[in-house]
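Let me begin by handing over the structure; questions about it come next.
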Amino acid sequence: MTMKIRRLNQRTIVGALTLLSVCLLWWAATTTGLVSPMRFPTPAETLDSFNQITFEGYGNATLYVHVLHSVKLVLIGFFIAVGLGIPLGLAMGYSPSVEAFVNPAFLLLRPIPPLAWIPLAIVWLGLGDASKVLVIFVGAFVPSVINSYTGARNISVQLVEASAMLGIGRWAFITEVLIPESLPMIFTGLRLSLQAAWTTLVAGELIGAAYGLGHILSQATLDIYISMIVVAMITVAVLGGLMTYLLGLIETRLMPWRKG
Amino acid sequence: MSTIVFDHVSRTFQRNNHDFLALEDINLTVNDKEFVAIVGPSGCGKTTCMRMAAGLEFPSGGSVNVAGSAVKAPGPDRAVVFQQFALFPWKTVYENIEFGLRAKGLAEAERRKIITHYIELMNLVGYESAYPNQLSGGMQQRVAIARAYSLDPSVLLMDEPFGALDAQTRVVMQEELVQLARVNPRTVLFITHAVDEAVYLADRVVVMTPRPGRIKEIIDVKTIRTGEKWDSYKKIEDVMDLASFVHIRTHIWKSLREEDERTLH
Amino acid sequence: MNASRRALSGPRYAVLTAGGLIAFFAIWYFAAWARLAPPQFLPMPHQVLATLLRLMESPFSGYTLQEHMLASLQRFGMGFGLAALIGIPLGLMMGWFRLLDQIVSPLFNGLRFVPPIAWVPFAALWFGTGIGGPVLIIFTGAFPPCLINAYRGARYVDTYLIEAARTLGIGNFRIIAQVLFPAALPSIIAGLRISAGLGWMSLIGAELIVASSGIGYLLVKGQSAIDASIVMAGMFSIGVVGLAIDIILRLAEKMLARHK
């Protein structure tokens, strides 16, 4: 037990030291001019920009407004995608007929990267929020379907036989056996969908938006405001990590029967 | 009258493009409320017989009837206890037992009565809200048995139910099952490869041999059991010490050994 | 309720698959014919095909379709190759040298949450419209799976293999090259497949913003011309090439599995 604690501590310490030394390196390299301030901002500048955008605003609004806007679009696209994708995936996994019918369309559309839909979405829906949501939907849809499908296909034969023996009806089987059994895979799909949603959002906003984190990035690029770029990138990373973490929490709450 | 009738049953599998005869001409009648055990080495088809009675598999030739009608699909009238328990991990002990009862359409009060009864009977009191992964193997199998019994099935099918348990737990479960079977008699088809277990539990023991699966002989244990009053002994080791027990057990071992030697040549 | 998921008979499967394919195109044709949107927005499938062929004949925005695709593939090759050349050895070494793992991991995990697309501003600032920009972005997309899979493959090698090598007195780096690498190969190839997919997606994203040639650039130009058939033709080509890359790597994976 103590070995484990010691190892954990060692890992944390080295990790913390590394991050600390990276920050130091960052500060040293940029302040002394080793790395041209034109190429990368100093920690101080980054902090300044962060303050600016948080309190005064940049690119039409404060950081809070931008974050809210981005998160809103991600959630809308994400929920539509999983709301449609999970039932479809489960249906395809449960019924070979459904799978055979839906597969062709799926195979045709799947190889097209979600980002490649952005120009088409803009042609169809303009530069507003709707096109972003469409692209987020496309990005988040596929992982949900695939993982739900895998979950449904891999349900244990024993449980299916036990359900048949117990005389469980079709609806009860779907809600009380198929879905709980597939939940781990469904959550894997949710995680991947969320990542994809986030990525496609940032890309969509980079290309054309009035608000949002991607917009900050593109505005800062035009203004050659490097430290603001870094602020935006860090915000994107932090938010992405936070949402994934929250999803993990939900997963643990929802499946109390899993060991550890 | 819940009898199981195997009438000239055969089962053929397709393996690598040729037919593989797993069972050949099985004829067996399990009488109403009789406890019949099938013993035999792995691959003799004993589990396949049980699965055909359960409606999880179907004969290639001949027919399997339960309570007069042909078996067409699984159902709660032929409850199954699986070797790997087959409990639903996301349901508590109570919910696992309740699942089949809800499917039957029983009202909540009635379900509660039945479940409580079997939880007491199977020594599961206090564990109603536990999840399967919190329970030991023996406890999980108790839940599975409770689940099967609570359905009030005409026929009980058990597929090596104690095979996944350790030796000590197995003994305890055998003693409990004997109590249950005497108190709550039902038509039971019990599959095992452990001869001791079969002789201890069953009214009749069917000896099967492999390649292809055939019934070699059927031994009547009940007459001897009642005659020698095995049930007067509470502990399993006392019964297994009796000369009459040893005699039957040895006879079955020899019978199986003959088959071993036959197939080796 | 079925006690098992019954496989579909051959003819039934064929009929349903064909049905699905027909339904897909039927819906498309109908939507276009019913003029749910003007033909510029929603061309019929055969019009897209015609445009595809036209783009292969005559240049659009500077080059023909093939030339654009070649430019894209060049960038992809460089970014992907770089990711593999750095990621695989680094991952193997991290799997072997615990200290290296502890130093690099926190850095890596932090940067992972930055979507590749968010590197576009820096790519633009550091490389202008040169080839470095897209290559950087492809690299950030393709790098994580290469690293992670090499790392995992090395970490979970049978200890007896390592002990055998140790008793023969083989030095650290030779162990990595001659023991860890072959043992981790299946994991590495699986990682390469994922990596190629992500790299391809990142390429498209990059070309939507910072390129003056390439298939992504073609999409953007089609979008500004408000010509959906060009965009769709481009999307189709992207899908086909992406699929081809995946199939090639899948074959490599199979061939490797057979060798074992």
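Note that the chains take the letters A, B and C in the order they are written out, and that residue 1 is the start of every chain.
Here is the rule we use: contacts are C-beta pairs under 8 Å (C-beta built on N, C-alpha and C of every residue); 3 or more make two chains touch, one makes a residue touch a chain.
The structure presented is a predicted model; accordingly, all values stated were derived computationally and were not measured.
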Checklist line | Most centrally placed chain, judged by C-alpha centres | finding: A
Notebook entry, point to check: Which chain's centre, taken as the mean of its Cα atoms, is farthest from the centre of chain A?
Noted result: B
Note to self: Centroid of chain A to centroid of chain C, CA atoms only: how many Å?
What the structure shows: 18
Item checked: Between chain B and chain A, distance of the C-alpha-averaged centres to the nearest whole Å -> 50
Item checked: Contacts with 2+ other chains: residues of chain B -> 55-56, 73-74
Next item on the list: Enumerate the residues of chain A that touch no fewer than two other chains.
Entry: 161, 164, 168-169
Check: By residue number and range, which residues of chain C touch two or more other chains?
Finding: 3
Check: Which residues of chain A touch chain B in their complex?
Finding: 158-159, 161-162, 164-169, 172, 176-177, 180-181, 255-259
Next item on the list: Would you tell me which residues of chain C are touching chain A in their complex?
Entry: 1-8, 12-13, 16-17, 19-21, 23-24, 37, 41, 99, 102-103, 105-107, 110-111, 113-122, 124-126, 200-201, 204-205, 208-209, 216, 219-220, 222-223, 226-228, 231-232, 234-236, 238-240, 242-243, 246
Margin query: Quick check on the complex: what are the chain B residues that touch chain A?
Written below: 54-56, 73-76, 78-80, 82, 84, 86-91, 99-100, 102-104, 131-133, 147, 151
Check: Residues of chain A touching chain C in their complex?
Finding: 10-11, 14-15, 18-19, 22, 39, 94, 96-97, 100-105, 108-120, 122-124, 153, 157, 160-161, 163-164, 168-170, 173, 198-199, 202-203, 206-207, 217-218, 220-221, 224, 226, 229, 232-233, 236-238, 240-241, 244
